[in-house]
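A, B, C and D are the chain letters, set down in written order, and residue numbers restart from 1 in every chain.
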Amino acid sequence: MVDAVAATPDLDTALRIYRTMVECRDFETRAQELYFEGLVRGTTHLGVGQEAVAAGVAAVMRPDDWTFCTYRGHNHTLARGTPMGPILAELFGRGTGLLGGKGGSMHLTSVEHGVMGSYAIVGAHLPIALGAAWSAQYRGTEQVAACFFGDGTTNIGAFHEALNMAAVWKAPVVFVCENNRYMEYTPIASVTAVPRPAADRAAAYGLEAIVVDGNDPDAVYAAASTAFDRARAGEGPSLMEALTYRHGGHSRADPGKYRPDDEVAAWKARDPIPHYRERLLATGADAATLDAIEAESKAKVADAERFAREAPEPDPSVLETQVWADGGSSWRGPAHG
Amino acid sequence: MVDAVAATPDLDTALRIYRTMVECRDFETRAQELYFEGLVRGTTHLGVGQEAVAAGVAAVMRPDDWTFCTYRGHNHTLARGTPMGPILAELFGRGTGLLGGKGGSMHLTSVEHGVMGSYAIVGAHLPIALGAAWSAQYRGTEQVAACFFGDGTTNIGAFHEALNMAAVWKAPVVFVCENNRYMEYTPIASVTAVPRPAADRAAAYGLEAIVVDGNDPDAVYAAASTAFDRARAGEGPSLMEALTYRHGGHSRADPGKYRPDDEVAAWKARDPIPHYRERLLATGADAATLDAIEAESKAKVADAERFAREAPEPDPSVLETQVWADGGSSWRGPAHG
Amino acid sequence: MAELTYRAAIAHAIAQEMDRDPNVVLIGEDVGAAGGVFKLTEGLYERFGGDRVRDTPISEQAIVGAAMGAAMTGLRPVAELMFSDFFAVTWDMVANQIAKSRYMTDGQVTIPLVLRTANGAGLRFGAQHSQSIESWAMAIPGLKVVAPSTPADVVGLMAAAIRDDDPVIFCEHKALFAAKGEVPDGEHVVPLGRAAIVRDGRDCTVVALAAMVPKAVAAAERLAADHGIDAEVIDLRTLVPLDVDTVLASVEKTSRIFTVEENPRLLGWGAEIAAIVADEGFWSLDAPIGRITTPHIPLPSASTLEDLAVPSEDRIVSEIRRRMEAAR
Amino acid sequence: MAELTYRAAIAHAIAQEMDRDPNVVLIGEDVGAAGGVFKLTEGLYERFGGDRVRDTPISEQAIVGAAMGAAMTGLRPVAELMFSDFFAVTWDMVANQIAKSRYMTDGQVTIPLVLRTANGAGLRFGAQHSQSIESWAMAIPGLKVVAPSTPADVVGLMAAAIRDDDPVIFCEHKALFAAKGEVPDGEHVVPLGRAAIVRDGRDCTVVALAAMVPKAVAAAERLAADHGIDAEVIDLRTLVPLDVDTVLASVEKTSRIFTVEENPRLLGWGAEIAAIVADEGFWSLDAPIGRITTPHIPLPSASTLEDLAVPSEDRIVSEIRRRMEAAR
């Protein structure tokens, strides 16, 4: 375990982390309710319980750094500052959604905020994040790509290829495995040859094994600081494994019943948000500040809900836009004239 | 390094190993000449210099064990007893070739001899070999699948997926990496994050790191014995890395000039065949026996060449056979009638 | 006869074959204890045990490759790809290894396996979880391709697919999972390569597949009732083998043909049907061949947009009507 | 004008664009110091250095994925897939990620990259190293698809592909590597989506691509000289965008159309051409549409068999002649 000594967030940063976690939690909790109301369509994958990873890493990122995440990407998308309204409208499938209704929950992207996409096919974004890092390296911009994925993702081929190539190229990419112990409904331990699906593979790419308490944002922050510094210094990629847990099921209506009750209870007792609140109070933050953050978060979510409820359905005309860079979708050559 | 103490081939076995190596060498040497004569068509990939791996592993295999190898598969195909004539005729693209002219050098297969195919897309056969092993496990036959591949193959996704799943399933498969230091023209070290492309990854699958002198058939034999015993005992897969070298280029007419002269010279000086001859003479074999093996090999190759030269071109009618198990290739539903 | 959902028919069909042949095994992600993310394999793990119903890691290349290796050596594996879009991750195994190995070895290896997959749109899952990939498979020599539209065909075609000695891509349509239908009692097998004429008609031929079949039938009823157009609807059921005879015979009768396809425009299976008819059925044709497809776009996730993208009953009706009237 | 081989035209074209734009970079297996296994990138590493011309491990998913990530963030990568068959290994990156991300993000990301690959048969490399995969790519919305038949088009279309803001699959035909042709001096760019009429004719239209173009032209000369059939030959050059207008205009003139395709029978690009003509060009047609293709089989390696499989000049002549005479 990397402990939180290496780099510790100052109070401002810690409050920012707390705000991020609270907002993520409030947003997703409400989104789930709206799913059961039938307003959120398609599928969603919540990161409730895993917020410390998103918040801790985002806190070390520069605005021009890049986030690549998965279908379980609400937290990561929010953590970079993407506004809630368009995200929720996107979950509703509305025209003013973040992606105009074309992508949905699984593909949240806000290039403006450095969120380069949420990827829904397991493993695909690891090479893509490496590619962004390569571009930063080539252009000498000192940008870093952060790439988030789950424990289950460590068993797919793209993981292996991306890690090796990133290491060989010394690409400035930080791979963050959120080990929440399950790939959908199957315990990761039952399908993985090593106990730590990411960390126990690090050596296969000449990398250090980094395991971090993914429910402790300070620990995540510390490990991320080291990894980002290393990346910016041209020393190459890192692979960190953050141990965490999703409170709910894998997606949508999944109640997550395949998990032992006591396991769920133990992890809920380690909920990162109330714990961090305690720590903040113990280390100098005052309750009023935290209360305000919480209230502001609730208000933001309410605003977002209003925005999403009022958002129009997508205009039918957009169906055939944005396949190509010219904005259209024609597959015919230019008309002869 | 696993040394040759664990299991040592008895004299008979050692002579069998020697015979295999000599036959492989003679066959490929002649095949290359015939390539330059224009009789061998398409492409070939020689294993000249790497014979000890094929011979050492084959010597521990049961007749009903399976070999899965690559486009560089002449040695492995021969080592299981596949007759030379049909192999050479296949390289000529003839109708009595091992595959009727349909597969060529890169796809040598002789199910009858346990050679379940030579695979030409890097990495593909690792999962396939695992599948055969799974079938043996399921049916309780104690068969083992041996799967040969190169150093370059360790960087492709299928390698990772197959190793992990084989380890989790404790499948009776022995993965043998023939590390000949090059993936086509690029030195493996320049594109791989670890010095030992296979062995340094073994721990990522909970496996022991096994490095063996791939130019020493006894060392290969010893390591393979352990691995096959383990597989048959239901203890799961092994991954062994055999250090070796191809004397020639990657394929066809490649002179292999991207390699330093002294590197080539050093490895040629470690040619497994004369070295093994020396060892055999030193440990009880008599020269006449070895001479006879060599002479018989030459005669076999000459016979094979005669067979191949006389072999007919494929009959045009076979073009459209054997797409389907019914022997044909029709994509139309059965005629109504 | 029992009424089953399309969803339940899947597990029923697999159970029928697992009962019959101990070499039939099932692997895939979450197919075991969890019964599949779509509950398509529910009860099989309990009934046949972990040796025959195995959960895998997220390793599609290993899953499909292992199925191939097992099929080559005596088993009849059924492997699930959770979403058909994931075929792309393992396309080498499917298109290069499984499809070609028999031919490349001149028949030395036989690869009796079934790759089952949740295919198609309708759940608002967006571009990477809603594709119809049957046309990808049709383009690869050496693969058989099946896409049932009813619970009875799920059972009958699954049985035929599992018993077949060749590799079969078996597309289970997500939008049909809840659909109900009668399934014959006892063993039920439907041979591959036979289309079904699901509605007789004289004015035009409408060729459909999977989820487009009920839509085409409903559209045909409306065309008949509201517009006096009597459409014959053919459910292809399998793309390979392809029942060319049934299509040509129908066109001979009707002189007009439409395809109704869920896939994107270019090189959907309808293009092959059109090309075949424009050759072998040319002299029967009285009017241009119409293909009703998704536009050549990735699928959007918003319900409004997804519904616009995939051919709807309304669009089928209006397109056929417009063309039939233009040709009069 | 300088005479170049098709092979040399490739490096020449890439160099032209690398000179012009520092964001153009090249990656792939053995593309650097070794100059490519087919010597297609010879000299580029020496000229542009290891930062711009990078060797990779055997990791096609990482190669193509990295190209995508780089393209999204400001570079214009050109990535080589050594053989087009290997697209299967990375099909998810190509078909699911690269093709769809712009649409899924409603245009937030732009992916200007070129995936170059050695395509097609003729070298006796067998089923896994000889495929023509341009039709696979054509079926995926979001991909542009280019397949030049001459050195000049290699240069001009490569320039257009690299400058294009969309992903382009660029198929370099192995059987043409040694072919020579004139390449214009100075900067040469050929817009995507324009077919070339390479032989004027009045009796029938023959649509071809890549290595089938010279065969179709040679066959047309023989048809004219020996059989009085005056065929118009169209080199499509790009499948997406597809120059439908040129094809339809030609069919309007000739009333008959044939495709000459190297790919297997089912769902080759010719099926799409046939389907389009059977719809939009239907009233121009006087006879069935003929597709001359490889049978629906994997490609065999023996020279005798490979030559039988792929359409030959002889087969093109006899097939067109047979059909033209039947229709008279």
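Structure notes:
The rule is simple: a contact is a pair of C-beta atoms (placed from the backbone, for glycine too) under 8 Å apart; a residue touches a chain by one contact, two chains touch by 3 or more.
Not measured: the values here are computed from a predicted model.
Taking each chain's centre as the mean of its C-alpha atoms, the one that lies farthest from the centre of chain D is A. The pair with more inter-chain C-beta contacts, choosing from A-C and A-D, is A-D. Here the spacing of chain C and chain D, counted between their Cα centres, is 30 Å.
Separating the centre of chain A from that of chain C, both taken as means of CA atoms, is a distance of 35 Å.
Centroid to centroid, with C-alpha atoms defining each point, chain A and chain B lie 45 Å apart. Between the CA-based centres of chain A and chain D the separation comes to 39 Å, rounded to the whole angstrom. Multi-chain contact residues of chain B (touching two or more other chains): 102-103, 107, 121, 155-158, 161, 164-165, 168, 190-192, 318, 323, 329, 331.
Looking at chain C, residues 56-57, 59-61, 85-86, 88-89, 92, 96, 103-104, 126-128, 141-142, 240, 242, 265-266, 295-298, 300-301 sit in touch with two or more other chains. Contacts from chain D toward chain B in the complex involve residues 29-30, 32-34, 37, 55-61, 85-86, 88-89, 123-129, 265-266, 295-298, 300-305, 308-309. Residue ranges on chain B touching chain C, taken from their complex, read 66, 68, 99-100, 102-103, 107, 109-111, 116-117, 119, 121, 124-136, 138-139, 143, 145, 157-158, 161-162, 164-165, 168-169, 318, 321-327, 329-336.
Residue ranges of chain D in contact with chain C, taken from their complex: 85-89, 91-92, 94-96, 99-100, 103-104, 126-128, 135-136, 138-142, 240, 242, 263-272, 274-275, 277-280, 282-283, 285, 287-291, 295-298, 300-301.
Touching chain B in their complex are the following residues of chain A: 155-161, 163-165, 167-168, 190-194, 200-201, 203-207.
Looking at the complex, you find that chain B touches chain D at residues 41-43, 93-95, 97, 101-107, 120-123, 152-153, 155-158, 183-186, 190-192, 258, 313-314, 316, 318-320, 323, 329, 331.
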